[in-house]
Structures are given as C-alpha cells and as structure tokens.
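We call the chains A, B, C and D, going by the order they appear; numbering starts again at 1 in every chain.
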C-alpha cells in the first residue's frame, strides 16, 4: 500500500513536470519541468529500493545518485544553451528557436 | 624572493602587537588615546572658543561694559545677536542694553563681534556642553546668562584677558592723563586768567 | 573532574528523569493507563527538545558574547577601547543592541516582493540553526549522530545561498541584487575548495561521520604531539584552505564584499531593518560558529586535549576553547586584511584555492599510502609545497612593484 | 474529556512515524503545482526549490539519508542557483510577443495549454492505472523493513560494483563543465 502511494505521488510529480514542459513556452520553464520529471524518477528509484527484497544491495540508491549527477550535468548544459539562444534571438521562447543554423 | 603570503603574516603581526600593546600600555600615552569623555574632561587649549559672552567688571548691573552700540549686531554674519537699548524713567536712551540675546544655535563662532567691539565688552567663551532639547528655550542666551565677570574671562583666556586689561588700563591712564592735563590746563588757564586780572586790576593797596 | 566531564549529559538525564517522574505521577493521579509505547516516545521527544533548546541557548550566548567581543578586540587592534558604556566593561552591549534592533521600524519597500522578502530571513536562519546539530561537542555529546554528517552540513549550507538570493531579488533594489549576486558567486566559488578540504579529512579518517573523524585524530605521536590532522603537511594546507573557505562562506572580512559598505550600501541586507536584519545578523554568526566548529572537528582534533597531561579538563571545554580561538583569529584577520576586489576574489578561489585543494588531496593520499612516516611527511610536504610556491610566484606575486614601476608622465 | 483522552492515546500512535513521509510528499506536490502554475519565473524557480527540498526530506524520511543530502546539495545548492542565474541573465524581451507567426496569439496559447493539459492528464491516468490496477500491483513486496543506506556502504558500492559508471559519470561531468563554459562564453567573432 505504501509503495503504491509513493508511486502515485511520484506519478503526480511527473505529470506536473510534463505539464510544465508541454504548456509553457519559456525554455527555462521547460527545463524546470524536465528537472521535476527527473525528481519523480528518483523518487521511484528510492521507493522501489525501500520495498525491494534486498535493500542492502542499494541498487535503487546507486541509481538515484547517478541520476542526480546526470541531472546536474543536464541542467548546466541546458542552461548554457538557453543563454546562448537568448544571446542570438534576444528571447527564450522555444517557438522562436526553430532554426538549426545560428 | 619573498615567500608568498608572508605579507599577510607581517600584517597579522602588526595587529597582534597593537592588540597586546593596548593592554600593556597602562599610561595610555601611545595607545588608547581616546578620552573617556564624561569621566575624563578634555584640557582645552587657551585659544579654544565656542560662543560669545558679555564681560562685566565687579557688579553685573553697573559694571557692564556694553553700551548697546549695536556694532556687533550689524556685523554678525549669521545675525544671531539682538540688542535693545535701555531707557531711563523719562524715556531717554541710556548707554546700556536692555535686551541682549545671542542665538547660539545660529552663532558660528566667527569672533567678528569680538573684533569689532570698541568697548572690549564681548568676548568668546569656551563652554561646549550646551546641548538641549529645545532650541528656543535653552539655546537663545539672554543678557543674564551672557553676563560673566572679568575674573572668569581671566580664568579661561589669561593671555587675551591680560592684553585686554592692559589696553583698558592704558586707555584709562591715557584718559586720566588727558583729564589731568585738561585739568592742569584749565587750572593753568584759570591761574593765567587770574594773573591777567590781577595784572589789569591794580593792587588796591598799591 | 569526572563530574564536570559528564555534567551536560547528566543534566539531560536529570531533566528526562524529572519529566518521566512528573508524567507518571500525573497519570496515576488522573487514573490514565498509558500504553507501553507512550513513555519511550515522550522521552524521545523530550530529549530531542532538550538538545534543541540547549544548542540554541549555547549558540545565542556565543552570538551575544561574540558580538561584543568582536568589537572590543577589533577596537584594541586599532588602538581604541571599543564598547565600554553599557554595563561592566560593555558586557551588556548585546542587550542594548538587541533592544535597539527590536524597537526599530520594520520597513518593506513598496516595490518589494512582499512574500519572498518576508521568507528570506526565515530561509536564512532555519538552515543556520540546523547546522550545529552534527558537530560533536564532547565525548558522546553529538546531538544527531549521522553517518553522512559532513554531507548534511554542506547540504544545509546550500540553503544560505538561496536565502541570500531571495533577500537580494525580492528587495527590488539594484544594490541588493548586485550584493546577492556577488554573495552567491563567492559562496559557490569557495564551496568547492571548502568541500574538497573536508573531503581530504574524511578520506584519511575513512568516514563521513564527524565523530569518526574526531576519533581518528585521537592519540599522540612521540608521546606529546597530538595526532590532529592540522599537524601534517596536507592537513595544514587543507585546514588553511578550509579556514579561508569558512571566512568566505560566512561573508567575513576580507571576503565581505557582498555587503561592502563603500560600494553596495549593505548588499542583500540593504532593504532589511529591525528584527529581520537582526535575524540575518544572527544567522551569519551562528553559521560562522557552526563552520568553525566543523573546522575544529575536521582538523583541530575536535574535543581532544592537545597534550596528555591536560586530559583532566572536560572534553567539551576543549571544543569550545578551540572554537573561541578560531573566532578570535577571524576577528584578527578582519582587523588586518583589507577587502578583496571582486576579480581578485574569484581569481583567488579558482586559481589558487582549487589547485591547492587538489594538491592537498593528492598529498593526503600519498601520506596515507606511504606509511605515515618521515618519508610520507617529506613527500606530502613536497606535493603541497611546490604548487604553493609556483602558484604564489606566478599568479599572486606582483612583479611590478614600486621599485621597477615606471611613471610615464611624472618623471 | 477523560474518556476522550484515554481513547486518543490508545490509538496506534507507534505506527505513526512510518507515515511521516506524507508531510514532505504533500509539500512537494503543492510546491510543484505552484511552480507549474505561477506566472513569475523567479517564483516558479523558488517553488521548484521548495519542491526539491521537500523531495530531499522525503528521501531522508524513507531512509535514504545519503541520497537526500545529495539531492539537497546538488539541486538546492547548484541546479536551482543555475536556473535563477539563467532567469536573471535572460530578461524577457518584447521581440518574443511581436514576432509570433500566429496571428491569434491568445488562441494558440489556449490551445497549447489545453493540449498539454490533456496529454499530462492522460499520462497521469495511465500511470495511476498501472500502479493500482495492473496484475503486478498486487504482487508481494517487501514489508517495509528498516531499510537504511549508510554512507560507508554506498562508498563501498560505488568503488566496487559501480566503478565503471562512476568513472563514466566523472568524464561526463567534466565534459558538461567544459561544454557549458564554452557554450555560455561570449562569442568573440560576432
């Protein structure tokens, strides 16, 4: 029961992230949504780890740690791209960033 | 080549010496020179000045030197002096101030009033604890508060007071001499006149 | 002396016994039958509460003492007296300051973001008051025993940056924003060497738990030199780096440019007054004590005595003595060094502190595997010494000094 | 009164601590909702931070202290700071509104919101259905024993079982650091 509750919470968080990524036109808000979805994924890892048959193997914990490290790298590169896009287009609206050529 | 960071250590040493020295320095001669004001009063230098006051000799009523000539009132740059001439019972002006006010919240201590006073009457004080909550009640000094004796003046500014006294004395001596000379002259004239009269009028017995 | 050593723990036990007795008496009086789990739960809650109250009380007293001691020491170093009017030798100055702060008007700018402006001091003080929880104050006197205590400390320290940003941005004042940006840039830059040097201590001790790190520094070599990490070449360097990082993290001189009065009014604190300002002030000092406590724990042997024959003094006295010494040294540094320029500050973090912390890490590893003997000493001293001299010479020595400087138009 | 108190304390309070995780979970969801709904970008980022803090506390409440602290350190200390800096460095300009290819800007925006909301709702429904009604949902799970993740065990695991991923992550982080610095650098040629 507790596991299902945690998974449901994580699903709601994931959908908030999805909502932000799909509806907002600001690139930074899209990034915020992606971060939320990653957080929901981490919550799933931890929940499954806690209710797994062998929590002492720490599989979910290791996954979560690597996922956090990757999320940090993703955020850094993503924000650098957003700043570069803003420098080119004077805007962070993702509808305008529709060219592959700078 | 200096070791990197040695400058920081030198600086730390300087502050440490200051820190320890401030505790060892009992006489407070070199370090901790701050005066602890309400307990320790500053010794004022003789030339220090703050606001003007009026000098009197002997009796504050009769000995007042001011003649209400109003030169200081006219010369005062921030116009902080206010003088009204006194009148006797008949309404005839006399050479004495009835009102003499100085607004020391306006006064800037320029000493021009002292420079221009022909009667050596207005001088600079060295009081400094005059802060008050009400500037009109307490910071406008009236004649009664302004009047201070010549003895006080000698105490606060001995050199200046001596010079002033010497000048007054010289003036008095000069005046006395002039009066004496005038009296002598008058006496001589009188004697001469008498002699002349005696000359013109023959000796009745002769 | 055994009595003094145990005094804090005995006091806690006494309070718990008192609560237990009072509760039992009340229940028998009212005729309530407590379930078996109730008493342990209550006692756990009470013991947590006692520890929280004790920590906050101790840190508040230290804050009050520090605020007056800092001004007095600073004054002595500048040949002044410092505050000596309120009470005996100015000892009541914190009370006067407190009354002044609390009676001041609490201003909120009209253009400010009111909610964020209100939340910023809370976001500042909450992590600061949680920081002291993992520091071992004496033998068996650690409020919360965490296996990842060091990580906890730095995780909470991240909250300070957020609070500074909230304060700066919500004030709607360009000086506030600039001060906040400087503060965040500074904190992020100096957090790297700070964490790196903490990692060095954790690496050699083999644990992230503060108590474990202190225990790893127990004992004496040659019978009188304590095995503190600061007495090794890598530990000395790491300790200095951590100290500098701690200065920068707590925004103290010479790293106080986020609130440099001459440039930015008061940085992110510009629009704060009254109680909120007092809270920021308090959070800064509590954070400073906490990070100094961590420095004591990591490198200065925590609650260990410096010589074998001084071990009769209670362990918690040693901890607080070391803490007081560090606090004094911070005031000393403040009295000595002028404020950094912003570019110098960044250069110092990235070009000096970070390489040096890597060098110290390598030196610690070499020392660890070379057997901790004289050879290990020499090797690790070499590994930290050469980068120090090289960096100092090539990056931070002014080669244009007064002797060889040429003035084009004045000659 | 007396009766009520007696009944109140005979509730199974000793079961309560394992449900403590509901508080941070609720706070996390509320903050996440606020982060999605609010207009002001800075407020969104601050709410996201609150959400991440609550997520970290949730990890700690679930027994994964180390992950919780790492979550706080990385997300609160680094990622949200990056986001806040990025928001301040990219001020919204007027070009964004005037250059829109769609004439009926408001309509397209509303359509966008409705479509996005619908997709999100569908995904949520699917996920919830999978969680509660799938055949695996009733499978026996480990009855929450006191699962802990001590730092020493994690360290051992990192260096013994997941050494290769660790090295890969290290390379990736270095590459990301250099890449982000290069990307955000001012282009001197233009």
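Keep this in mind: a residue touches a chain if its C-beta (ideal position, glycine included) is under 8 Å from a C-beta of that chain, and two chains touch if they have at least 3 such contacts.
For clarity, every value in this text was computed on a predicted model and none was experimentally measured.
J.: Based on the averaged CA atom positions, which chain is farthest from subunit D?
T.: B
J.: Taking each chain's centre as its mean C-alpha position, how far apart are subunit C and subunit D in Å?
T.: Roughly 30 Å, centre to centre.
J.: Hey, how far is the Cα centre of subunit B from the one of subunit C, in Å?
T.: Each chain reduced to its C-alpha mean, subunit B and subunit C end up 61 Å apart.
J.: Go ahead and note the Å separation of the Cα centroids belonging to subunit A and subunit C.
T.: 33
J.: Roughly how far is subunit B from subunit D, going centre to centre by Cα mean, in whole Å?
T.: Computed from C-alpha means, the inter-chain centre distance equals 82 Å.
J.: Give me the residues of subunit D that touch two or more other chains.
T.: Counting only residues that touch two or more other chains, subunit D contributes 66, 70, 78, 85.
J.: Think of each chain as a node with edges to the chains it touches; is that a line, ring, star, complete or other?
T.: Chain contacts: open path, no cycle.
J.: Give every touching pair of chains, nothing left out.
T.: Listed in label order, the chain pairs in contact are A-D, B-C, C-D.
J.: Within the complex, which stretch of subunit A touches subunit D?
T.: It comes out as residues 2-4, 6-9, 11-20, 22-26, 28-29, 31-33, 35-36, 39, 42-43, 46-47, 49-53, 55-56, 58, 61-62, 64-66, 68-77, 79-84, 86-87, 89-93, 95-96.
J.: Over in the complex, which subunit D residues touch subunit A? Could you list them?
T.: Listed in rising order, the residues are 18, 21, 25, 28-29, 32-33, 35-36, 41, 44-45, 48, 51-52, 55, 58-59, 62-64, 66-67, 70-71, 74-75, 78-79, 82-83, 85-87, 89-90, 92-93, 95-96, 99-101, 109, 112-113, 115-117, 119-121, 123-124, 127-128, 131-132, 137, 141-142, 144-145, 147-149, 153-154, 157-158, 161-162, 165, 169, 172-173, 176-177, 179-181, 183-184, 186-187.
J.: Please give the residue numbers of subunit B that touch subunit C in the complex, ascending.
T.: 1-5, 8, 11-12, 14-16, 18-19, 22-23, 31-34, 36
J.: Okay, in this complex, where on subunit C does subunit D touch?
T.: Going through subunit C, the ones touching subunit D are 30-35, 37-38, 41, 116, 146-148, 151-152, 154-159, 161-162, 165-166, 169, 177, 181, 184, 188, 191, 207-209.
J.: Under the definition above, what is the set of subunit C residues touching subunit B in their complex?
T.: It comes out as residues 73, 76-81, 84, 332-333, 335-337, 388-389, 391-393, 396-397.
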